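One chain, subunit A, appears in both complexes that follow, with subunit B as partner in the first and subunit C in the second.
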Partner chain A sequence: MAAKYLASEKLPAWLAELAASRVVLVPVKERDAVVFRPYSEGVKPVLDRQANVPPKASIFPASESLMSFKYIKNPEDLGQVAVEVHETVDAPPTVVFGGRPCDVRGFNIFDRVYDCPKVQDPYYKARRENTLFVTLACEDAENACFCHWVGSSPSDPVGSDVLLTPIQGGYLVEDVSKRGKALLSSKLLADGSKRSTEAKAVHKAALESLGEVWNPEKAPAKLLEKFDDMGFWEDVSAKCVSCGACTYLCPTCYCFNVTDERSGMKGERIRTWDNCMSYLFTLEASGHNPRPTKAHRLKNRVGHKFSYYPDIHEGIFACCGCGRCIKLCPVSVDIREIVRLAVERPTAKPEKS
Partner chain B sequence: MPLLEELKAQITRRLPELDLVIGWGQGYDPLHHTPVFIKTEADLDKLVFDPLCVHNLSTYLTRYVHGKKLGVVVKGCDSRSVVELLQEKLIKREDVVVFGLPCEGVADLGKIKRALAEQDLDIGRVRTVSFEKGSLALTVAGKNVELPMSKVLADKCGRCKYHNAVIHDEFAGQPIEGQSQDAYEDVAAFEGQTLEERMEFWREQMERCVRCYACRNACPLCVCRDYCIAQSREPGWVSQRDGLEEKLFFQMIHATHLAGRCTECGECERACPVDIPLLLLKRKLNKEILDLFDYRAGTEPDVKPPLLSFKVKEENINERGW
Partner chain C sequence: MTTLPNPYLPEIATVVETFPETPSIKTFRVVLNNPERMKAFSFKPGQVGQLSVFGVGEATFVINSPPTRMDYLQFTVMMAGEVTSKLHSLNVGDQVGVRAPLGNWFPYDTLKGKSVVFVGGGIGMAPLRTLLLYMLDNRKDYKDITLLYGARSPDDMAFKYDLPDWTTRKDMSTTLTIDREAPGWEHKVGLIPNVLLEMNPSPKNTVAITCGPPIMIKFTLQALQKLGFGDDQIITTLEKRMKCGVGICGRCNIGTKYVCMDGPVFTYAELKQLPNEL
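So, the complex of A and B:
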């Protein structure tokens, strides 16, 4: 790892340099929310807090066109209709700048689903290959943060190409991946090899600010054990209003819906974010819904993240501990509390009928 | 007896006839309260009441099957939603016991966030909170901060006409005297802009909408929920794309469905994770309803809401003069 130093006042110049040949997404403030937007001159990145919306859309857009199609009638025989289909892969070279370790760690959870030996999603893959992450280590945790519970940390480099750490006067800039190294050739970056200890102290302080670790290793088995304990799920989901904010803003939620949006003889097949907190998510064409209540649905969300996913992915939790589902939930449903209760509360035995 | 103790005593008395009572309790950090569901007397220890009790708990009333007996704790504005739900026959009077409170106002967490940001402090790192004589005292990142309540009070409280629950079976504490006027000045000011300016404003706001539907699901009067046309494919009225058109279209649907029903509790706006000022849309329609029908939703239990009734000739609409 090469350690470079970027003085704060050179940040706009570096962003401009990066933006010369690609889209650079930076966190910016709009009203009270922080969201990722393309950088251009004059845009002021907000680097002192976690963004409301993670940069998930950089690789997994909220809505993307998979293909466009057109029906063409045969003028000789109007009953005969041909379909013309065009695949539409949109993957511009992109750098995501100023996300947090939790924001980018999410894509490692995506990778095992969308880009693995069994399945390769061409849309996802193209964007993954064209997107680099310049991540900012956190200096101080927020109340809803718990990345240290799930094997991560405020300076976790996993998933990043470059890691920035705020130090006196600017940032220590370290390459994490080979692709990240290429970004470090800028003349704006000075030698930073003497300042690694400063950065290490920042990393340590940030980790300490998170407080005690709670180890969720028993969660996968305990959650499974509670599968039929609907009393438990009704209790912990009582206040949920089934909106879906928690999943849409989650860096590790990757479920989608596919719809054909057609008007007249042409249209698009699109893929959009979907979420398991919605009744329509599992509504079957027959009218049957295997997850009829919010209790069933919250069970799925928590179960997926802390039980089903780790069960098939070497124990890795499908949660990066970013805390967004806690702090942006309109009624403050706390996933930490649910997982903890699932482990600590005795499971009710199902009644024999 | 202090208000909270009185409330607890009332709930204790009514609990045997109820399946549960919905109130507020402490959330995951000192600034966040959260709905709590009281089933036994022991649960009463969780109950709190202070300006952080922002949620309108009446939103849960339609989430339980008819026949369940529910108690709900309401502030003045929240009680209007209960009235509206009753007027629309979405809940039954005999199924709910309303624990009404007098309310001097709740905090707007967005305003607290802004006030702290002015001092380079972050709302996510607030460690302690207390309310003292007209101000909110916080500790954040080792610093003590005092914010005057007037600076952090929700806008709706500044124009509140209904500090005391307008409907209640139990009422704890002393009713609050006095009320403010609401002349819809904010809406009038917005209307002072050109059409282009207004469109541009909404374009900018809706750009960041994630179509999460927190605005819809937090709303006590938005009751289609699971069957909302915004997502349903049968019928498939609204495209699932995330373009500005679709996002704004959905807000128009929500706002028009709430015209004359919306009690301006502000839950839609509060629930929005990306701070979109949705209440302005709702207030615009309510201003029209007030002008046309002289009606404020949820304030007169015995009146039929104007859009649920039919008159051959409306008093304030001069149809024949067009």
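So, the complex of A and C:
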């Protein structure tokens, strides 16, 4: 790993250099929220706080076309109509700049589902291959951060191509991947080999600011044990308003819907983010709904992240501990509290039906 | 890792035949437009497919023709929503999308040398039809074949064109039932689980396969247990809302299992292992 140094005043020049040949997404303030938007000259990245919205859309857009289709009438026989379908993969070269380790770790959760031996999602895969992550290590924890609970840390390099650490006067810039190393050839970067100790101190302080670690290793079994304890689920979901903010703002939530849009003889098949906290998510054509109440739906959301996914994927939790589902929940539902209670509170025997 | 084909891209197919089964159920026979792909297409009894009308959307149906009869792929559709309504309005020559085969299948291989009792209710006969026809086309591989097929009324009974064969052939035993007396009905009257108990099939070296409305399945499972069928001698198929069909989009999971990939076919023993979320 090569250590370089970027002086703060050279940051705009480096971003401009990176943006010369690709889309560079940076966190910027838009009204009251910090969101990722393409960099252009004059844009001021917000790097002193976690973005409200993670850069999930860089690889998994909120809405994208999977294919276009066209109905074509046979001029000889207007009753005969053929249909043509075209795949629409859109994956411009991109750099995501200034995301936090938790934001990037989210894609490692996606990878096991979207690009695995059973199935490969070509849209996801193309963007994953064309996107680099220049990640910013955190200096300080925010009040809902818990990345250290799920095996990560404020300076976790997993999934990043380059790791930046804020140090006096600028950033220590370290390559994590081979592709990241190529970004370090910029003449704007100075030698940083003597400043690694400074960066390590930042990493240590940030980890300490997160406080005590709580280990959720018993969560997968305990959540299953509580599956039929609907009193527990009604209790922990009582204040939930089913708004779905937790899913849309989560770097590891990957559920989607597919719908067709047609205009005249043409149209598109569209994939959009979907939300397991919505009643309609599992409503079947017959009218039966296996998850009819918000208690059932929150149970699935927490169960997926802390039980089902780790059971399938070598114990890895489908949660990166970014805390957005806690911070940005309008009624402060706290997933940490739910998982802890599931592990620590005795399970009630199911009522006989 | 080798690159797999795009799992969301449907094959274009032409509707070659359509006919009503009941007032709310219609059957479509489709053929893939690419003759080589149609020739190479293979599936196993019980597998499903996503049928789409471009501009309206996709929905999941079992391929209810057997893999031993590959002139067409047959789908039987009950009108329930937007996509199924549009499917009901299609005519011969219309173009649809097919993503198939998806999911798992009936264990037709391990059933060899065993007797099979089919218990189908209403549209739930569709997946059973595939396996039943497959077994009849490979009759020597299986022992006794018994079918109990029920519907609310004679009008609600699908696959009427199969019934003359199924009720008369010597190498299977067929019982048809409806819920209430109807003029001209010459078969049984009574709810499926009750008729099944009357039939009293032996569980010895036998597997029961059932599909139908949830309430029918619930009481049929109880009847089968009364008759002495073990949990691994009962097989059913699950219906769930599905979108991607390849285990990603997240709505058809029951705990760690995805009905679109790990199902739709499950033994009762497997179902009992899953969280209670049917």
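The rule we apply is simple: the second predicted complex is superposed on the first by the 351 of 353 C-alpha atoms of A that agree within 3 Å, B and C clash if a C-alpha of one lies under 4 Å from a C-alpha of the other, contacts with A are read in each partner's own complex, and residues count from 1 in each chain.
In this section, contacts are C-beta pairs under 8 Å (C-beta built on N, C-alpha and C of every residue); 3 or more make two chains touch, one makes a residue touch a chain.
Predicted model only: the values in this text are computed from it and were never measured.
**Student:** Is this a clash or a fit when subunit B and subunit C both end up on subunit A?
**Tutor:** Once both complexes are aligned on subunit A, subunit B and subunit C fit side by side.
**Student:** Look at A:210 in the shared chain and tell me whether it touches subunit B only, subunit C only, both, or neither; answer first, second, both or neither.
**Tutor:** The answer is neither, since A:210 touches no partner chain.
**Student:** Classify the contacts of A:257 with the two partner chains as first (subunit B alone), second (subunit C alone), both, or neither.
**Tutor:** A:257: touches subunit B and subunit C.
**Student:** Which holds for A:30: it touches subunit B only (first), subunit C only (second), both, or neither?
**Tutor:** After superposition on chain A, A:30 lies in contact with subunit B alone.
**Student:** Could you tell me if A:69 is touching subunit B, subunit C, both of them or neither one (first, second, both, neither)?
**Tutor:** second
**Student:** Just to be sure I read the superposition right, which of the two partners does A:303 touch: subunit B = first, subunit C = second, or both, or neither?
**Tutor:** So A:303 only meets subunit C here.
**Student:** Look at A:339 in the shared chain and tell me whether it touches subunit B only, subunit C only, both, or neither; answer first, second, both or neither.
**Tutor:** In the superposition, A:339 contacts neither subunit B nor subunit C.
**Student:** Now for A:331: first (subunit B), second (subunit C), both, or neither, which partner does it touch?
**Tutor:** In the superposition, A:331 touches subunit B alone.
**Student:** After superposition on the shared chain, which partner residues are touched by A:189: those of subunit B (first), subunit C (second), both, or neither?
**Tutor:** In the superposition, A:189 touches no partner, neither subunit B nor subunit C.
**Student:** Minimum C-alpha distance between subunit B and subunit C after superposition, to be given in whole Å.
**Tutor:** Minimum C-alpha separation, subunit B to subunit C, in the superposed model is 6 Å.
**Student:** Which parts of subunit A are in contact with subunit B and also with subunit C?
**Tutor:** Looking at subunit A, the two contact sets intersect at 257, 259, 261.
**Student:** Which residues of subunit A touch subunit C once you look at their complex with the stated criterion?
**Tutor:** That would be residues 66-67, 69, 71, 79-83, 85, 87, 113-115, 117-122, 224, 227-228, 254-262, 267, 269, 271, 274, 276, 281-286, 288, 290-291, 296, 300, 303-304, 307-308, 311-312 of subunit A.
**Student:** Residues of subunit A touching subunit B in their complex?
**Tutor:** Those in contact with subunit B are residues 30-33, 35, 48-50, 52-53, 61-63, 140-145, 238-239, 241-245, 248-249, 257, 259, 261, 270, 272-273, 275, 278-280, 324, 326-328, 330-334, 336-337.
**Student:** Under the touch definition given earlier, write down the residues of subunit B that touch subunit A in their complex.
**Tutor:** Residues in contact with subunit A: 27-29, 32-37, 55, 59-60, 63, 110, 113-114, 120, 122, 124-126, 141, 204-205, 207-208, 210-214, 216-218, 225-227, 231-233, 236, 239-243, 267, 270-271, 273-277.
**Student:** Which subunit C residues qualify as touching subunit A in the complex?
**Tutor:** Those in contact with subunit A are residues 1, 3-4, 6-10, 12, 52, 54-59, 80-81, 84, 93-95, 97, 213-214, 239-241, 243-244, 246-256, 261, 275-278.
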